[in-house]
Each structure stands twice: as structure tokens, then as C-alpha cells.
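Dropping a structure here in C-alpha cells format, bear with me for questions.
By written order: A, B and C. Residues from 1 in each chain.
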Amino acid sequence: MNFENCKDVWVFIENFKGQPKDVGFELLGQGRLLANGLKQDLCAVVIGKDVDESIKGAEEYGADKIYVVQGDEYEDYSSDGYGNAFLELINKNSPNTILIGATIRGRELGSTIAVSLRTGLTADCTALSVEEETGNVVWERPAFGGNLYAQIICGDTRPQMGTVRPNAFKKKDKDLTNKAEVVRENIRVNPAAIATKVLDFLAAKEEGGIPVEQAEFVVSGGRGMKNAENFAMLQELAHLLGGTVGSSRAAVDAGWMPQARQVGQTGKTVTPRIYIACGISGAVQHVAGMSESDTIIAINKDASAPIFEVADYCIVGDLFQVVPALIKELKVNKG
Amino acid sequence: MSLIYTNEQKELLALVKEMAETEIKPFVQEADEKGECPPELFKWAFDMGLHMLEIPEEYGGTGLSYETTAMIFEELAKVDAGYAITFVTTFVALRNVILSGTKEQGLHFAEVIKKGNFAGFCLTEPGAGSDPAAMRATAVKDGDDYILNGAKTFITNGAISAIFVGFFKTSPDLGAKGISAFVIDANEPGIVIGNHENKMGLRLSNTTDVTFENVRVPATAMLGPEGSGFKLALNALNLSRAFVATLAVGIMQRALDESVKYAKERKQFGEPIINFQLVQGLLADMAMKIEASRALVNNTMRLMDNGSLVRKEGAITKCFVSDVAQEVTSNAVQVFGGYGYSKEYPVEKLMRDAKVFQIFEGANQIQRLTIASCLKSEYK
Amino acid sequence: MNIVVCIKQVPDTTEIKIDPVKNTLIRTGVPSIMNPFDKNALEQALRVKEKNGGTVTVISMGPDQAKTVLREALAMGADKAYLVTDRAFGGSDTYATSYILSQVIKKIGPFDVILGGIQAIDGDTGQTASSIAEHLGLNRVSYVLDMEKKDDKVIIKRKVEEGVVVLEAKLPVLVTSLKESNKPRYRTIKGVIDALKADIPEIRFADLPGIDETKIGLKGSPTRVKATFTPKRNATGEVMEAVNPQETAKSLIGKLVEAKLL
């Protein structure tokens, strides 16, 4: 298929109350690789009311061009408001490829646009590459709860679209010398035409501690922890390492840990330097959320637990003895 | 399990099993220790409609067969027989209303239960257990009403019933023939609920004294004609005692499930104890007794669905099943060895729960008399 | 409020295994269930109906065995169920599937609210429900924790990464539910019995006269699967038996320090 008129890789820079989300910047890094593969430019798309931070960040993270749609009506995300703006940008500028962070809003936005354009959208991607001959992006993503990975292509239509999991890619280093062309498009929508109206916002309770997706060291607990109180020793270990505590779905379902700490297919994706899995069997759904950790240490008394297939260090033993031993050893080392 | 289940039965059993294991099982151990079932725990069964199963369709109930209802309650009893019997007791009372009551009485009873309530069955007294005709409770006519007086004991659901079926002597000098049955709303003034019995087993089941002190009820509260109460009670109990055996089957099945699982994990002399023949013998005997019991219960339920009053079959079913339940649960504790004797493990509770099945709904000694009496009449 | 809920029958992916030789999913013996998030969506619909009256209709696109989840929905309290099934629909990706469902909804509607789960646990795309909204030109709000009718609108609490947004949406609207939204009710005994006897009409290609053939099946799917594989991870997998936990801990930390990880 000839897509000569469709050019450039676009990355959506999502923001919340004027603060750009990291995922947009992570995708700029990946977008650059795709743009190079396609021999095209990398553009950022910013929609919102307070857009300065997003524009600055997009420039620092390497965009060649930044499309900006600004207006009070874009203060809060709405599928019709943002969708309409994005579509007008697309119709005017014919991009080749669009990357959107697979956040709650991003996933909504992606499908809004893709269906409108009758083009392919691949969701929740964890890896991207380019078919040199066809210019097709190969969108790689998990299915069946992470049991199977599929490579998808959108061969016959453009733009080809994908949403990408936050934390699937690490942000590249900032390039403070980069200069981006800022294109401000005047796309406005009457607020009354937007079908939803935000009445209130309730911030998530700050339960303290580093968010699990940001920590360098994650000590995670699963069903083997037996109860909520036992997580205290994981807290202690995490604290000694300078990291934070995570959880498998089983422990969240049992009410031992909050959902925000859940690592896995339906939880967070984490890529810490060291991931310690305590009493976690290692079901694919969990592994899908932590397999990209630099080093994985698993502690489980069942030598046949699937977690040992992905661990770098497989400690077969009773976590209620090993974890305190690790804590003791670390204290000795520190002191 | 060797019954042939219809599609509908399979679906219903899977549903009840899921609910009971997820919502009720986690709370059983603590409730057993405390000796009471937290009222919120009944919500799951009410929401599912378990209280309406036996109520006829024309009274707004589900009108399910005895056969299917018995299967459902076996499933529930695997999780806790005390919880199950709380709902079963409503049907014990209901059967009296079905057998002898008017349509109005049936509708009223159903209306009360429909709201999410339990019923109680007040027959037994301190001096009238196996010999109910020896009861001293009285019902004295006063204009268009009756005044009820009497002390009933060991009443399941005593403190949590919204409605009772109770038995009182309208003609004390006529013995059994002087007993009449009444349907009594539990909030009538004069009904005094005694202390909760601290029982060996079925501790999630509420058991209290229920004392009637000059309780006034309209004559329309009487079930059937005056003096017909004793016969009614016996007929209704024939159905009930057969039915209640299904709970014992549930207890036994649970005992076997736990025992086999344990025997496969527990190692002595270097191997799982299930490899040892004497343990195998215990498990095999348990399995035999359970299969026979379940098949017997199922058959008797089908007879009941067919309209039979199961005087002999009910006695046989209840007596046989409760006797083997003793053996099965005791042997489950045996398989667990020392751990079986500890409250940390689930089997000692099963043994405690099983015992009462030899006692209530007609002691097994009386059942044997009944069976023999039937045999005597059958052979000419 | 007339509500339609889109539900999908999926394999229970927590039970799924991979054939290590053929690199394919072993589907035999894996129980089929109602997609858990669709169950949350159905529960949301039932709650809205209980409060405001109206009807709850469920639809599912799939083979005949998908009737099982439709019956499950009826047994939970849904009023009507339809199976959307036809050979012509086979091979549809999210675009095509959502298009077909949107045409069905047009046919059996109108509805005030369309509900679905945030994603199916097999496909995991999370796009189908939202795309249905787009095909119908409707607004959508995903990750909805709760919703309440207010006059001719609905008040919606929806989850975002940062917390919860409360918004007001005009009707009709499409909404997706997640696990946190609610705890779905159990079926009732009567529900199961009645559902087993219920008639579940099928909606076939021929029943949708206006449908655009180019938008269904393989032909209508802009995305295509190039390849599939099972995830492999290169792990150094050093096994340490913690016979003496203190020794093991010491050894492990020593190795981590040596590898400059600590």
C-alpha cells in the first residue's frame, strides 16, 4: 500500500491538570526509534488548558514538532472534546503513526479516534518495531492474561495506531539542546457541546511510599504472605534497600494490600533494578507486570513454583525465615 | 458422587457451592467457637432464595422438588450443617401448614418467610421428647380465640423465628388425640425466648426454650381441626426426618473430602499415609457409607415427591444415615490422628455436628420401633 | 432506564496453559466464564434498574455455547438476552466486532445506557466497548466506578490514575465497568431455573439488513495478527536452597553486591 502522503510519528502527551504524564515522554523515546525506521519526523500532540509544561517536556524529550491545541474547554479530559481536536489535527496533517499511552484516558482516546478513522488500533503494547519493506509498525502485545504475546500489524490503513503501557519503555535522557517547531492549531469546541461535565475530583488517598512503578527496588508479597500483618517485614526490607513494597493480585484480592501496589497484567508494570518476589507463585499475569525488571529474586518454599522460571536468583525456602535473615544481613552490612 | 443429576440440578449445586465456599466457609470456625451464626451471614442464602425453595409456587415460592432441595442442602451442609438446618427448619414448620393448613394460612406463612425470615417448630417439652403426647402445653378456648400456655424446649430457630408452628393440648384428658396445632406469629405478646443452648455441635444453629405465657391467638390460627395436631406432627415429621438426613450426608462427604486430602499429604514412615492399607480401609468404609446414604436419601426424596408419606422409609433413612454418620465422622478424626482431635483442623467439628442426627427428629431408638411396627403390619 | 449490556464468554485465563512444544494455548479443559468485568457491568446495570425501573438487555457475540453466559446474566436478573452469531462475523477484530454489536444495538434499541467491561481477559484490548460508542456516535466514559440517574442525565464516578473524577453525562452514554466498581451478585435459584428454560433469540447477519459487509469479519478488520509467541525470559536462574536461611541471605547479598546491584 502506498502511504506516501502519511508522514510522521505522533506521540500524544497526556496531561492532568496541566502536569504532563510520564508516559508521553517515554513514548517520545520509542517514537524516535520508529521515526528513524520510517525516516520521518517525530511530533508531539498536546491538548489542554495549561500546556506550557507539556510543550517544554516534549521539546526536552526530543520532539521535532509539537502540535498544540489549547482552550479552556480542554481543561478536563473528555472523549468527545479531545477526540474531536485530535481528529481535526489528523485530518489536516495526515500522520503515519500515532502512539498514545495506554492510560485510562489514553485508551479511551485511542479507540475514539481509530474507529472514527476506520483504522487499526493495537492496545496495550509492550514492544514496537518497524517492517522496513512495508513501513508497517509491528505492535507487540500480551493477550490471554499474558499467557500469549501477539504481533499485530495494520497493513492497509493509515494512520496506524497503538496504545503503549506506561513503564513499558524507560524515558530517554533529556536533550536540553533540542529545538522543536511549535504549531498552534486553532481547534475549538463549544463547552456546551461536550457531553460530559466534570463536577468534582477526589484525589486518590496518599498512602505514602514510593509508587511501585517508580521504585528502584521492589519487594513484593503474594499469597504466601498469609496475612496483611506479615507485609510489615517486606516494608522493612524495602526500606533498607531504599525501595517500596508491591503485591500480587492474590494479596490485593485478599485485602492485604491496596490496589495501587498491585503488579501484573491488570495492575502496574514495573521495571526496578531488583524485584524480590516473596511467596508469589509466578502466574503469567503477575510475571507480565515485572518480567522486565533488571534482576529478579524469588523466595518460595515450592521448588516447582513458576516464578523460578523467570528469576535470576531462586531462593527455595521459607520466606518467613529468609526475609528476616536478609533484613538482618542488610543491617549488618549497613552498620 | 454417584447420583444422576439433571442439568438444572448441576447448575443449582454449582451456584450454591460457590456461594457457600466463598461467603460462608471463611466464617464457620469462628462462629462454631462462639456458638452463634452472625445474622449477616444468612443474607447470602436469603438473596439466593434458599428460604423459598419448598414453598409451593401458588404461595409465591419456588416449589422445588424434595429431591433437588435435598441436593442443595447437602451442598450447604458440607460447609456447615448448622447454617443449613436453620433454613431447613423453616420447611419443617412449613410442612405442617401444607399438610393441614388452609390456603389463607399457607399464604400468610409464605408472606412472612418471603420477607427473609425463619420459622420454628414447637413440639418438644422438657417432659415430652420421645413421648410428645406427654406434653403439658395447653390451648384454652376463649371466645373466638385460644389462650396458649406452655414451655417448649430445644426449639431450633427459637430466637430468630418470625413465625412458629406450635402444638398445644386443647383437650388435656384425651392424650395424643387432644393435641392441636397452631400457627403463631413470633411477635405475639407473651412469647418468651429463653437462653441459647450451649450445644456440642450444630453450634451455628440457634436453639432456645420458647415459653408461651397466655399468648392469645385467633381460632383461625389453628391448623386443621381440633385434636388433629398429633397426627399432623407425626406426618410432617416423617417428611422432615427423611429430609434432614441429607444434611448428615453433607457432613459425611465433607469428612471424607478432608480425610482423603489429608491422607495424601501427611507422610509417615517416608510415604503418604493413604498408601497404608488400614488407612485405605477406613476411607473405603467411609466412601461406602456415604454412597449408600446419599442414594437412600435421594430415593426417599423421590418417594416423597411422588406423594408418599414415607413413614417407614423416612425412619429407615434417618436412622441409617445418622448411625453411619457417627462412624464416618469418628473415623475422619481417626485418619487425622492427633491433629484430628484439635480444633485447628476441621474434622472434630464434623464429629460433634453428626451426633445430634441420632437424637433429634425422633431418636433412633424410636425409629427402630417405627420400622418394626411397619414390618409387623406389612406381613399378614 | 433501558440498558443494554455487552458480555463476552471467555476462557478463564487464570487456568490457561501453554503447549511448550507447539507454542499455542491449551484450551481444552479450560472452563469458559463470563468475562469478569462484563459481570461488573451487568451488576451496575441491575443496580440502576433496581433504583430507576426499566429493563436490562444482554447481548453477546459468539458461538452457540455463549448462550451459557447469557443464561447466567438472565439468572442474575437481566430481562432479555440475544445471541449475535453468524459465520460471516468470524475473524472480526475489535473494529469489526464493535461495528457488528453497534448495529445490533441499533436494531434492538433505543437504549439510555450501554454497558460493558473495561476489557476482555482474553483479548485484553479494552477497545471494543469504546469503539461501539464511536460507531453509534455516542459519548463514552470508561473505568466507571458507579453511576446514578439524575433527571435526564447520569452522575458518574470514574477512576483515573490520580483519583476519582465525578462527572455528569448526557444520555445516551456508553460506560465501562471494572472490578473495583462493585461485587457482582450471585444468581438466584429461581433465576437459574427460569434462565435454563428461557428462549434466547439469535441475531444473524441476515437480521441486520443495513449492515456494511465491508466492516465485518476478517475483511472488516484493519489489524491483523502477524505472529504469536509465548513469553520467554532469559534468566540466569541460580538456585539457592535456604537450608540455613542466614547463610543463604549472606550469600545472596554478597552476590548482589559483587554484581554491583546493591
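In the analysis below, a residue touches a chain if its C-beta (ideal position, glycine included) is under 8 Å from a C-beta of that chain, and two chains touch if they have at least 3 such contacts.
Quick caveat, the model's predicted, so the values are computed rather than measured.
Taking each chain's centre as the average of its Cα atoms, which is closest to the average over all protein Cα atoms shown?
Most central by this criterion: C.
Using each chain's Cα centroid, which is most distant from the centroid of subunit A?
If we average the C-alpha coordinates per chain, B ends up farthest from subunit A.
With respect to inter-chain C-beta contacts, which pair, B-C or A-C, contains the greater number?
A-C
How big is the gap, in whole Å, between where the Cα atoms of subunit A centre and where those of subunit B centre?
57
Indicate the whole-number Å distance between the mean C-alpha point of subunit B and the mean C-alpha point of subunit C.
Measuring from centre to centre gives 42 Å for this pair.
Can you check how far apart subunit A and subunit C are, centre to centre, with Cα atoms defining each centre and the answer in Å?
21
Specify, in ascending order, the residues of subunit B that touch 2 or more different other chains.
Residue numbers touching two or more other chains: none in subunit B.
Flag every residue of subunit B that touches subunit C in the complex, lowest number first.
7-8, 11-12, 15, 18-19, 44, 47-50, 52-53, 62, 64, 72
Okay, in this complex, where on subunit C does subunit A touch?
Spelled out, the residues of subunit C in touch with subunit A are 11, 13-14, 16-18, 25, 93-95, 98, 121-127, 130-131, 133-135, 139-143, 155-156, 158-170, 173, 179-180, 215, 221-231, 233, 235-243, 245-246, 248-250, 252-253, 255-257, 259, 261-262.
Could you list, by residue number, the parts of subunit A that touch subunit C in their complex?
16, 21, 76, 79-80, 102-105, 107-108, 110-112, 114-116, 118-124, 138-139, 141-157, 195-204, 241, 259, 265-266, 273-274, 283-285, 287-288, 291, 294-297, 299, 308-318, 321-322, 324-326, 328-330, 333
Which subunit C residues qualify as touching subunit B in the complex?
185-190, 192-193, 196
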